[in-house]
Structure formats: structure tokens, C-alpha cells
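Letters are used for the chains, namely A, B, C and D, taken in the order the chains are written, and counting of residues starts over at 1 for each.
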Amino acid sequence: MVDLKVKIHDLEFKNPITLASGTCGFAREMADFFDPSIVGGFFLKGSTLKNRDGNAYPRMAETPAGMLNAVGLQNKGIDYFIENIYPEIKDYDTQLIINVNGSTVEDYIALTERVNELDKIRGIELNISCPNVKEGGMAFGVSCPGAEMVTREVRKVYDKTLIVKLSPNVTDISEIAKAVERQGADAVSLVNTFLGMAIDAETRKPKLSTITGGLSGPAIKPIALRMVWQVANAVKIPVIGMGGIMNAADAIEFMLAGASVVQIGTAVFKDPLLAVQIIKELEEYMDRHNIQNVNDLVGGLQM
Amino acid sequence: MVDLKVKIHDLEFKNPITLASGTCGFAREMADFFDPSIVGGFFLKGSTLKNRDGNAYPRMAETPAGMLNAVGLQNKGIDYFIENIYPEIKDYDTQLIINVNGSTVEDYIALTERVNELDKIRGIELNISCPNVKEGGMAFGVSCPGAEMVTREVRKVYDKTLIVKLSPNVTDISEIAKAVERQGADAVSLVNTFLGMAIDAETRKPKLSTITGGLSGPAIKPIALRMVWQVANAVKIPVIGMGGIMNAADAIEFMLAGASVVQIGTAVFKDPLLAVQIIKELEEYMDRHNIQNVNDLVGGLQM
Amino acid sequence: MTKKFVANFVVVENKPLNATNFLIKVKSDSTLPPIFPGQFVNVEINDSKEIFLRRPFSIFEVDQKENTLSMIVKILGRGSKKLTEIEPGNQVSLVYPLGKSFTYPSSTDKVLLIGGGSGVAPMLFLAKEAGLDKTQVDVLLGARTKEDHIDVEHYSKYAQLHYATEDGSKGEKGFVTQHSVFTSGLRKYDKIYACGPDGMMRAIAKVAKAEDVFCEVSLENLMACGFGVCLCCIEPTQKGNLCVCTDGPVFNIKDLKW
Amino acid sequence: MTKKFVANFVVVENKPLNATNFLIKVKSDSTLPPIFPGQFVNVEINDSKEIFLRRPFSIFEVDQKENTLSMIVKILGRGSKKLTEIEPGNQVSLVYPLGKSFTYPSSTDKVLLIGGGSGVAPMLFLAKEAGLDKTQVDVLLGARTKEDHIDVEHYSKYAQLHYATEDGSKGEKGFVTQHSVFTSGLRKYDKIYACGPDGMMRAIAKVAKAEDVFCEVSLENLMACGFGVCLCCIEPTQKGNLCVCTDGPVFNIKDLKW
């Protein structure tokens, strides 16, 4: 039996296959398809302090090997989460990480403090990279001072595992990663979506209500993989990788590039059971390649 | 009959459909497939001052809806071009634009001065964005001061049409565009390839000899389109758009987003006749939509 | 929480109903879960370079003994076109059953079901499953011309069928909302159900609201996941933005902002 | 400058030659240009979500009267697999004819053609087209086992056929370079041609070089365009990096850095 356990700071994952924020709801939607305890963890849908209606319809457009979304962090706010959703999911035997979003540092702090009360949420993913709304913090995520500042302030009020989610819409993502590492982030996760756009040539109109939106899916995989590799070589803290993972080979490539844990995002829309399948195939791969411990795959790119 | 003529500074294009640098050789390779005078122009393979062998094999990897390349500006140098290639192509009845690459400002200047002698090359595309080699100038292309400096110095020695080709691997491409506009660029072209990476999970090795390479093809289209739209809204000079154009609808989307001329790149590998086909379909589209002059499409996005 | 599945089905039938609509019947090798009118499946489109996401289609008929279900697929764009080219014997992956069903009528209800375009599918499914006498059920189908109507005569054992065409080539001339069944007053119905083009449903909803008759409509919009995680498929409602895929596709018009 | 084409062909035959090799014959509705042994086509792989670029295959046989050409496709990965699933009647797009051909032998030459794996195709094409008497032509084919050889007996009218297998199940046991035809000295040949796995060709080239015999090999590598514009397919040579697709795929071993 191969050993799939990985640790990110205090967070123990039974395996490195997790689901990405915004693509697995609040985990319970996935429980309609499989036993949530099978996967390493769920990065829950982005939460904000207050209720947000999100952007107007249409919110998505299909693109070559990918999709654009302009959801705009629709969610009922943290109080609703704590009262109505948390009780339902808290006993899932897996890691539940909450994805935290704000438009000001105060928002991030207030939200973190609320989350801190929740026993079964042992980590947060600080989203400073949502391209679709101001409240997604991309203003923070695309500059080092911005990223440092929000990380530092949140770190002050949060002792559990602090993961900072990075934007790929930057010139040098490893600089941003180093900046948040300096301010005490326990891990970085990347990438969030790329800012993109789609037009309907016949109607001559944008396909999204917001004109631009976030690109995800296999189209972005080569760029995401490069960024994970660059960041893993630049920081000492663990890296959580994602961006277009569609199968076990993709997940393994991210691990070889340096990701300790991977997140499956858009692919879940095509195959809600994908994470379960990838765990199986990862085990087979490790058997085939004679790798006992999954941590030995991490950063194992041979050059 | 619809009017397809567009003008970029002094350069008159008989139609806005051109071929991108590095994907149409020195135009004569395309002449094996079609009469070069059909298309608007050719952006010739990137030239450097001296011969360059380029990077080691393997230089390409297929990716979802795209490809990575790590050619590394292989070319025989400007003298070889002037003596052996230019005479063969100079009488093609179309625009021939040379793609100029250097690792120092002096390189760019020296190269530009050589090109200036050539009557039938009425414009240069200053490549400050090749991600695959130092000589590709990406060091210049990802910062405003760098981009400004090289544009300013080249402008001093060049009176014909100066197009600056921008890198998409930046936080804010419209800032770079504005910077080169300030220094006298007559147009900007975008995007060059995105820095990406591919790994073979079975061998655990990078698929490219250079580990990272440039991503092109339909995968990048949504991001490229967004950048063209942003830049077109930020500068007054004309914009030449490219990135993943695979058919007439794609070309039209780039024009609606603000591109006066478009370049077909990677798609040529799949269909060497594509540019010819797109010109035909563009005419049909204009007929169907009752557009007489192609310039009316440019920036015609309806919001 | 209802269990949902991802499974490969074998195509057992793919037959053209008219120029643009196809009946596609697929079979599972295991027992199907309960499936109700209004629910849909999210279908993977095989072997197409251009298509990335699945495509949602309403469930038209279910045979729990044969483990088959069918859908009526109208060619709209690239995905639906490709799907109608699939050959019997081939496999197709479905995520199912998705969405909420129509509220079943009670045994004494008189109901009107109005279908337009591919919206015919869930209406006929409901007519069949409602368990009412055919005298209690009016089905009104609208299309542009005779040719755009599909042959549904065998449903006359479950309902009284009425047709409208814009050119008068079958049934009454005009839109469904101009049909005598509709214009003679909706109050005689306990429940009205509609599925079809947005404009048609809005027109129906307006009258139903004015006459204060219970009315449910089934919405279609752009979906990425189909099971409530992407939040792309929203409809603005009195209760805020709701997901068409999980809170719908069936909505009571009272809840909509129409 | 030679004219090149992009055209749809109709698949007229697709037959398995053994477990992993297929003969695919395609037909054009117009006259084919002259095509020579060593040249290749770049094939679009239809209907596959995973494949973006075309795939290059050597031309195996050409029938200028029927406007057909054929290739031997070995299943290596996703694209070749998909191609071998194509059905007669379907269309396939080719970019052709690509690359330089082998140098034709002169009429008095004695030649040795060595093929391994799918490299058999251009060797047999050359054997047939060379216009020599069969006594002047030795064809040596290598494979792992008997089953890996394809049936080429009908080529015995153009050449003397020799086989090598690693397990000795057909012809002599061992690699082609251990076969008696090869070990008995290459000087008796005026020209040697080889196409197959890299290792095989390098081993042949080494001996040919040592014995100073004219030798051309046909290289395979990763191509994006196939017509000389992308510069992805390079081989380091005495003349610098050359493109396998236009400067090759046939190279004289003197020019290589082997």
C-alpha cells in the first residue's frame, strides 16, 4: 500500500487530491456523487462577510479547452454559512478549507476572525486573486506590497493554517509568493483564473455580462504548471497547485513541478467523480513507478 | 464589393489578414501553398544580427488546444537574410514586415539600421517579448522603462512604420502599450506567446529542452482577446491583434475588440491555406452584416 | 440531498422527428433511480474538438423496466448537432438526474401544459406521468409551421392535444397565447405548466399571473456544471439569484421577477 | 519551391496489417502531383478532443491512375490510435507532398534497404520505384517477433527480402545489424538506405561510415508544421540545425553528427 498522506503546516490531508474553490460548492453538493471522506479536502466556495448576489447573467462562456466565468463571488455571507451550511458539513471526515474574500483589509480580518471560531475549519485560503470582482482582492494579489499587507494583517489574527491564493495575472508570480511567505503564509495556492474575454462575432456583443471573466480549464494548464514550478523553486513553504487538471497524469505533473497538494477545478463540471478516479490512478501510478510515499513525487521533476 | 483596406501608419494593407512571425517562415514557404499577394502581409520569422542556432531539440509540445514552442529564434542572421532571402521575396505584392530581435539596445539599433536599407520592407515589428531566449528581449518587454527605452532608441534611427510587439506575461499590458506609444511607436502588436511548461508524467522529465516555452494557439485566445481590448482602449495608435485565431469568427472578434490588423499564427501549421479562407469568409460576413468598410468593424464591440 | 450519478449509457435509438429534432434513447446497464418530469441530464458530447462542457437536455421518457431514458434534441449549435450524429451502439456519458421536477397535480386538478420547441419534451413527460384522466389534461403545442411540429399523436391517450402554428399550417394560426384554449380563460385550470422559448413563457406567465392561476415554467440557460456548484446558471428571483440547475429548472412564476 | 497542397481525401481502405499496424489508403478527387519515396503527408486527426496538431506519416504507395496514396500507421499514442479507427468513406485532410525524397539509385547500382517498424513503408516504396532489377535490391526488415512483421511478400518482385527478428521467430535472429546480409560487408552495395528507430539507424550509419558506403536515412521527430516554417523539427547537422521536414526527412549520414 502506498502512502498518500501529505501535510501542509498543521493540515493533514489523507491524500493530495482536493477540490478547488468555486467548483465544489460547499462540499455537500459533491456528497450527492461520492463519499466526501474519500478526497483529501474541499476548498469551499468563496465567502465574503456579507451576502453577495454576484454578477448578472450570462456568467459563463465556453472557450477552446476551457471556460470563462464571471460569477462574482455570489454567496450568502459568512453568517449564513456558519448557521446553515457549516453544521451540515462539519463532520465530513476530510479537510474543509474556507476561501476568504474581501475588498478591504478589514473585510479579510473580520471574516478570518469569524472563521476562527469554527473548530472543523482548520485552514483558510486567502483569495487575493479573484479577477471578477473588487471584493475578490485581485487589487491586492497583483502587487507585492498589496499581497504582503493583507497577508500580514490576517496572519496577526489567525493561528491555524493560512494559505494565500495567488493570481496568475502578474509579471512575476514568484515575487508575490515570496512576499506572502515573508509575511507568514503557511502555504500558497495557485493559480486562480486568468482574465479573459469572449465575443459573439454574430451579435458583436461580449458573451459575459461583465465583458471580461476568469479563464479556467485545460487551456491554462501549461501556464499554471510553469507558475507552480517557478513558485516551488522560489519559496520554502508548500505549494498547492491547480489549473486545468483533467486526469491523474495532469495531477502528477503538478506534483512533479512542486505541488504538495493539487486542486481539481473546472474538470469537476465535466466529471463530478473525477477526484475519486484520480486518487485511484495516482495509487496505480505510484505502484507502477515504485514510489511508496507520495511526498517523494513532489518536486520530482528530472532534469 | 466590400473594402478591406486598412492602414497602419504608412503601411497599406490590402486586407487585415496577415501571418504571424515565426509561423510563416520568410513568406516563400507559404508561396508553395498560395499566391502571397492574396494576404495582407507577412510578419517574417524573427531575425537577429548574427546567426543563431536556436535551442536544442525537443522544441515543441502539444497542449490542450495549443502548443508550446522553444525554437529560440533560430535564424541565419540579418546579412544572410539580406543577401539570400530578401531578393527572392521582395517583389511579392504584399506587405513584408521584419521581426527584429536583440539582447541589447545596441543589437536592436544595429539590426534596424540594416533593415532600413531595404526598400521593400516598409515596417519593422520590434519583438520585445520572446519568452524563449534572452535575445528575444522579454527582459525589455515586461517592464515599462525597458520597453520605453528600446522603443525610444530604435525610433531615433527608423522613420518607417515601427510596430512594437508586446509580451502577455505582464500584470498590466496596457501600461506597457502606453509606454511604447509615448516613445513614438506607430502601432503595437499583441500577443506574443505565454510562458508555459509541459512535463511527461511517465518519464518525469520536461517535454522541452528548455523546460519552459511559449504557449500559442486557441487555448490563449480568451486572454489575448482581453488584452487586445484593454490595449485598444488605452492607446490611440493602431493595434495588431493575434493569439489563437483559428477561423474568420476569431479574426472578427479581434477586430471587434479593437485590432485593425490580425495575424494568424499557430493555426497556419494546421491549415496553411487558412489566411486565404479567412479573407473570403470575412467578405461574406461583411456582406451579411452590411458593412462596407472593414475599418468599421474595428473596435465595433457593442456593449 | 438526492443521489446523483455519472454513468455511461448505450445509445439504443437515434431517430429524426423532423428536420431539426431528434429522439435519442439511451440505456443503462443498471437500474435507474426515480426520475420525474422536469428533470434533466447533462450529456457529454464525444469526439468534438470544439466542445468542452456537457450539454443539458430535459428527460422526455423513462422506462424503468428497460432502464432506458430518452430526450428530444433540437439542433441549435455545435454540441446539439454533434449529439444528433451519434450512432446506436455508441456510448454516451450522462450526469443525472438533475434539477427539480414539476409539482404534480392532485387527482382532481384540471391542467394545461404548453410546450414550444424542444420544451415539448418535459410537457409530454408530465402529461404521461401526471396520472390524470385525459379529459383533465390539455396539451397545447406551438411551433412556427406544421413541419416544425413533431408527431406526438400517441400522447392522445394521456391528454387532449391542441396545436398552434404561426402560419396556420397545423391547428390554429398564431402563437400559443393566441390559441382558443388559452384565450378562453385560464381560470378553468388548476395548474398551468409551460416549457419553451423565453418569450413564450413570459407571455404565458403574464396572463397566468393576471388571472391568478398556479403556473410553473421550466427555464433553460447556460450551464457549466448542472448540479449547483458553479453558480453560472442563475435566474434573478424574489429570493435572490437562484440556480436554474438545482433550484429549478422548474419555477413557480410567483417566484420569478417576470 | 515545389507546390504543396492541403486537401481532403476519402478513406478507401483501412486494414490491420498486424496488431499495431494499419494500412490506410486514401483517394483524392483530383490528380496527384508527383510523389517520391521518402516524402510524407501531414494528416489531420478528426474528432479528437485531445489532439491539436497534425501527425506526419510516410507515403507508402501511390497510384497515380487511381489518385490514391497509402500509409502504414503504427499505433504509438493518441493520434495514431484515432487515425487507425477511421472508417472507409470518411474524409481526412492531408498536407502534402512534404519533405525531400531519397536519392534514386542509378541503373547499375546494387542497393540495400533496411526498414524497422513503420520505417518499412518508405523502404518498400523506394524498392518499387527504384526501377532496378530485383537482383540489385536487397530489402532487410527487422522487428521484435514474427508477429511484428507485416506481410510484404508481394514485394519479392522488386527485391530480395530478408528478415530479422529479435527472438528468431522469423528470418535470422537478432537485430538487422546482426543479419548476415549486413555483416557480410556493406562494400558490395553502392547505396544503402534506412528508415526505422533511431538506434537502428545510428548503428547502420556507424558501419556504413566505417566502410565508406553511401547511406541515406530517413529521420522522424516531433513536427508542428511539416513545411518548414515552425523550426521545431531540427536535427543538428554539419551544416547547423536543419529542418527534418524540409531539409529532410532523408539525410545523407555524412551530413549528420552521428
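Assume a contact is a pair of C-beta atoms (placed from the backbone, for glycine too) under 8 Å apart; a residue touches a chain by one contact, two chains touch by 3 or more.
Note that the structure is a prediction, hence the values are computed from the model and not measured.
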Relative to chain C, chain with the most remote C-alpha centre: D
Between chain C and chain B, distance of the C-alpha-averaged centres to the nearest whole Å: 48
Rounded Å distance between chain A and chain C, as computed from the means of their C-alpha atoms: 36
Chain C-chain D separation of Cα centroids, rounded to whole Å: 55
Chain B residues counted as touching two or more neighbouring chains: 63-66, 217
Residues within chain C bordering two or more other chains: 49, 51
Overall pattern in which the protein chains touch one another (line/ring/star/complete/other): ring
Touching pairs among all chains present in the structure: A-B, A-C, B-D, C-D
In the complex, chain D residues that touch chain C: 47-49, 51
Contact footprint of chain C on chain A as seen in their complex: 22-25, 28-33, 45, 51, 53-54, 57-67, 69, 71, 74, 217, 266, 268-273
Chain C - residues contacting chain A, complex: 1-6, 44, 50-54, 95, 221-222, 224-236, 240-241, 246
Residue ranges of chain A in contact with chain B within the complex: 63-66, 68, 142-143, 169-172, 194-199, 201-206, 211-212, 215, 217-223, 225-226, 229, 244, 246, 248-250, 252-253, 256-257, 285, 300-303
